[in-house]
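These are the structures in question, set out in turn.
Next come two complexes built around chain A: one with chain B, the other with chain C.
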Partner chain A sequence: MKAAALLLCVALFLSGCGMNTKLDSLTMTLTLGLDTDGGKLLSYSSSPVFNKDAKEHTEVIEVNASSLREGRYKIDLFASGRAVGGKIQNVVIGKALAKKKEIPSLLDVLYRDPKNSTTALLIVYDGPVKELMESKQKDKPRLAVAIKDLIMTTAVDKQTVKTNLLDFHRTLFDKGCTPFASEMTRKNGKMMANGTALFDNKGKYVTSLSPKETPFLQLLRKEIKPAIPFTLRTAALTGKKENISVSIEHGKVRYETRYRNGRFQFHVQIDAGVIITEKIADIDISKKQKKLEKMIAHEIKTKTTALVKTFQHHHVDPVGFGLYARAYEYDHWKKVENDWGKAFAAADVSVSVKAKVISYGVIH
Partner chain B sequence: MWIPSSLAEVEATIQATWGETPDLVVCRLNVRQLKKDVVLLYLDSLADKNSINNNVLQPLLFETHDATNVEEVAVLIGQKKYTNLWSEVETAVFQGESVLFIDGEQQALLLDTQGWPQRAIAEPQVESSIKGAHQGFIETSGKNIALIRRYLPNRELKVKELVVGRRGKTKVALLYLEDVTHPEVLKELEDRIRMIDVDAVVNTGELMQLIEDNPFSPFPQFLLTERPDAAVSNLLQGRIVVVVDRSPSVMIAPMSFIAFFQTIDDYSTRWMIATFLRLLRTLAFFIAIFLPSLYIAAISFHYELLPLNLILTVGESREQVPLPPILEAILMELAIEMLREAGLRLPAPIGQTVGIVGGVVIGQAAVQAGLVSNIMVVVVAITAIGSFIIPNPDMSESVRLIRFPMMIVSSLFGVIGMAIGLMILVIHLACLESLGTPFGSPFAPVRFRDWKDTVVRFPLWTMRSRPLSAHPIQLKRQTKTRK
Partner chain C sequence: MAMTRIPQNEITIFQYVFFIVGAQIGIGILSLPADVAKGSGTDGWIAIIFGGVLSIIASLIIVSIMEQHPQDTIFDLLLRYFGKWFGKLLSLLFSLYAALAATTVVFTSIHLVQVWVLPQTSNYWIMILFMIPGFLAARQGVRILGRYAEIVFYMTLWMPLLIAVPLKDGHLLHLLPVIKEGWLPIIKTVKQTILSFLGFELAFLLYPYVKEKHLAKKGIIIANGISMAAFVFVTLVGFIFYSPDEITEYVWPTLSLLKTIEFPFMERFEIIFLAAYLFVLSTTGIPYIFTAVFGIAHVLEQYDHVRVLVVGVGLYIIVSFLYTPPFADLQAFSDWWGKTGTIVGYIFPVVLWLYMKLYQWLRGGKPS
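Right, the complex of A and B next:
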């Protein structure tokens, strides 16, 4: 018994010591870029450099490869350390590439190799990815941190979404909805979050939602917490070009699903509790609260209805109407599940909104 | 050998027994009570001169009433013993007693005139406490027993005295509550102490090592304390207190692992605070063992473990460090251990210098020179503080030692190695015994009722029974007095 234990101890110490991955000798890809340049697939890696002699803190490597994994082998040729993907924070895909190719096949290695991080944010970049990867912004931290912070904080304000690789995979795999991801671009030399990119059920880029439309996508997806802020014009109420800013603090979004006359019918009932965060317009809220509420409700209804029209036009369903169809009208759903985008395009969607002002703000 | 009856022979025997003993006093007097010559024998250095002069010599010389035999000799000493064995005379003299030989008598009179140099009772140095008593044990077992008796004026408190060591003849006293302590546990301890056959037991720590259940374990299986209140609190739980003469710490047996993380202050502070402090100590225990190895594992194997911002900070701080993480860690850990050891043995005024040198050299220079990283310094510092929080010095030292194998294992196998290390540690702790009682109690074996007084401390009135770890024969400690 004792001899066996001793043998086990010795054996333990003999087994693979060469497996370690020392932080010092790694080239950790923190931001992975994918783009196309006339038929060629370009893959970019941005990784931090930990060396006092290096002038730059970030190493950017560009290679031309047929796939991500092949790209990594090529990156290894350039990188001073071993190229690893365990800490990837962002996967940035050029819009041009996303339009051309179905991206799930490109991202396969990130899902298949367990050493890669699947919690990286998926971002569509409007423009050549090269300019983002090689951009040096003096007032920003390292690129990976800057991009991640930008998306995460903007997503809190609902002007974009945060979608990591797992979210993307789940929404792609689910037949009842289609994937979406955050979108970025550069303006005046600075990077900015730019709404939401929508994909079809094969994972091909279809269209984008602007930062102003994205909050209403989130509302439809019941992602209300912590708040959905937006600004509306009060011309209808005061006759002047003035603003009032409100934010939806809590709300209920209910879906009613029916199948009539060979098509699905969805009725979306939104009950929103809003607070007024800014009032430029000259309105006595306490007197005109009912009218104001109606106006807010109308605004929400117009925006959401337009959004749904956009979805139907492009045969995509980022909200997940299909989930309700599957839950309540399974038999009919079963027939169209493989082409839900088309069935959804033919569906009737009506939205009705009730808004209630729950606070005028601290001064009123 | 019997005591000879003629004084001349006695003197010859004394001469033969104590050749080179300048502090031996042999004093021949004529005693009026007996109308006989006597010889008074004592060791000047161990006996109390005042007591001999006033309580022995004075009555012997001036008392006029008649005495016919040894028993009737009037001396002003309460504790008198008679013997006719020479070996007992020897022992008595060496323990500071004085011996009175009377001409023509076979029996000698042993008088308790002990008075050797001893320290005053002072605040315990190693285990200081905020609310506990400020009396610590000293080097005289009689005084130590007195300190304990003050807390328990109870006839169930028994003292069993044994003698250990051929030369040292150390008095070892076993204190226990007869109606609480399990007799088998007591017998086991007594047997083990009786089996000891050594020259001398200089300190309680030596005795502890001679009778431990598992001498190859890094963990202490008995508790050494210099606090009478801690000793009494353990007595009340059915444990046995071993007072070793000439040693300022007493040994408590049997012990359980978790008791090493408890202090007497825990019971005198409010229960929420005590619970918080105990949780803190438990956390400190794990930090002290695992933090450096976790650092090594994270940097050498599992960079994915660290959040992005932390990994960037760590990476930047390691920019100019030439050593691999394991060497960096061992270097720093050894440095801090050396500092500790140096500070421990140095007199207080020089001790400060060590602190400054250590702080400046390690904290500043090593980092600036690029030998170690900032993060490593932080890790080492937190680890050191973690090990200092553990209240028992023996346990704290064990923890500091275990850290090194953990670091090596984690540098070889990363978190897997740490997990294996932790498992071995847990298995070892679950297997350990203290005087045949489970060391891991109440966790291994699981005794839910005793969890009230472990890493949490329930309010005192809810702990109505004594913990089972020492197998007390009387379980009930108190009645329910509050809701």
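Right, the complex of A and C next:
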């Protein structure tokens, strides 16, 4: 009796073996590309090939389809294995497409089907996606790995952002902020991270921030760790065209929210603790520390104010000023929540910065 | 006519507490953050506290009723007060309610497993796999179920820690301002929390088995408190991570929270979580199956409830061959459970209590 029961148990476990999946018979899309070409939606899939006879270790398939899921069926026609999307690492969207279409509707399947991983990076590519997908770089690992590494490490240095599909979804649906994603391009045949792409509240591409502006977006978003590096000109201090590099190691960013005279007023108070990482200019830091701190503060203020002006001009709010408006001026917020971009464009934003040099490094 | 004899089936006060917590924490918590957010935005957590207070009051009334006849389960009590036929009818209705609850839990669990983990497996296979351990546990009496609930509770203590992981990317700002639109939406939302708190009404069955009866009131307050803390915690994490506008986009926000957790060697961590969460679901489903079967056996005057259980489990398996509930049906099941649960858990105890008072008063103050 017991033996029979045991046998039955074992037999039940075996039932799982009927539907096994062999890794080498799968075409796992690691990088998904989306682009447009004169009204057509082009869908690209780059997947690894596990076969020692194949000369190329990456298989790239291009199809045109009306949606992503339909695209996958078409990809299946070309793929040597069964096409699966559960391991997608990057979703690359052509800038031309992002400008033309609201991308959330394109990405629906990635959110709806729980088999898909929502931790894939979302990247806007400035140029035809085809050239990126088909690029072969001898000094780089597989395309998917190379792209992911590039974005992740650049995001640590704050020159781009790290936005996965889920982050995008969160910022898209939050009425108090608008989504943003990392941007890439190719220069001299090499791919490079190229700042941040900003979207409006419907998920349509609006404008980009350069790699030099992105660190200040991160600062406003309080994403300071591990450090925000930037370089500033010291002409005002020495009269020569020289520069000094600093990095914000820690800091506090506080927002004050008010509603006066029919518009929102935000005051951003930034307290930054910076270290000097490189000094080309001939300045005696210890003597002119106060002046230097003022200069750094002024630089941060100019950059962040300009950034906010850009946001207001384009009616976007990647920082999430709307979160503060909702939290502290709910009644007024309620009236404008469905068109926050416009209300934000009319808002007064002032920035004041205090910088403190906490270290010069180990040489004078 | 004590069928599952009490001395053999006594449970400790801890088992009693965890039995009720297990029955309360089940499928409701997976969708609760979205349910309350629909009604009152990020103030939903306040509604959960109100819901908790309501369920504590209802639980205390239940315990006061049961205290009058410490050896009776609800089925004995109904016969005692309402006579054979009407008492049996009420017992049957109570059992059917438990069967509805069990069915909702079982089919929703199967649906969850199919959507998130095993999309290729037919629902009858999953049903069979659920019913084998379910049968083995429900075949035994209250004591085994109590022990099972206790051990599952300890086994799943790590889960809140994991759910808290997404907090690091959240904004506390989402919770402000507290009480956005006044109290009215919050009070209206309390209704949405009722389904989650159901489970305390099993005290109707459990009370006679509790060894330390003087602690029964304290115990049920603690049980409701633990469940309420879990609900408020999960809801707050959901609100802090997702914006108030986004959270209603998800059917099961609690599971979607876990999708953000990723290790270099493993993606889709929610699969592992859900597999472990099946234990938690089982402590909701099995007690209700047991209650339904026990009640029906009582009505049929069967000495042992196993025969009814065999029929019940058989029915589940047969039904699962013929019928795969679509998501809309599952929601209808949940709605029905919520509605009947309001009657069985909240209204019925009050009415019964008043009836008993009246009955005793007419009899000159003596309990029957």
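In this section, the second predicted complex is superposed on the first by the 347 of 364 C-alpha atoms of A that agree within 3 Å, B and C clash if a C-alpha of one lies under 4 Å from a C-alpha of the other, contacts with A are read in each partner's own complex, and residues count from 1 in each chain.
Throughout what follows, a contact is a pair of C-beta atoms (placed from the backbone, for glycine too) under 8 Å apart; a residue touches a chain by one contact, two chains touch by 3 or more.
What you are looking at is a predicted structure, and each value in this text was computed from that prediction instead of being measured.
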| item | value |
| --- | --- |
| Partner chain(s) touched by A:302 [first = chain B, second = chain C, both, neither] | neither |
| Contacts of A:117 with chain B and chain C, given as first, second, both or neither | both |
| Which of chain B and chain C A:135 touches, first, second, both or neither | neither |
| Partner chain(s) touched by A:30 [first = chain B, second = chain C, both, neither] | first |
| Touched partner set for A:87, first chain B, second chain C, both or neither | both |
| Which of chain B and chain C A:169 touches, first, second, both or neither | second |
| First (chain B), second (chain C), both or neither touched by A:48 | first |
| Chain B versus chain C as contact partner of A:328, first or second or both or neither | second |
| Contacts of A:269 with chain B and chain C, given as first, second, both or neither | neither |
| Residues of chain A contacting chain B in one complex and chain C in the other | 12, 19, 86-87, 117 |
| Chain A partner contacts - residues on chain B that touch it in the complex | 299-301, 303-304, 308-309, 311-312, 314-316, 318-320, 324-325, 412-414, 420 |
| Touch list for chain A against partner chain B, complex | 12-13, 17, 19-24, 26, 28, 30, 48, 50-52, 84, 86-87, 89, 117, 142, 144-145, 148 |
| List of chain A residues in touch with chain C within their complex | 12, 15, 19, 86-87, 114-115, 117-119, 166, 169-170, 172-176, 320, 323-324, 326-328, 330 |
| Interface residues, chain C side, partner chain A - complex | 115-116, 119-120, 125, 129, 171, 173-174, 176-177, 180, 241-243, 245-246, 249, 259-260, 262, 267-268, 270 |
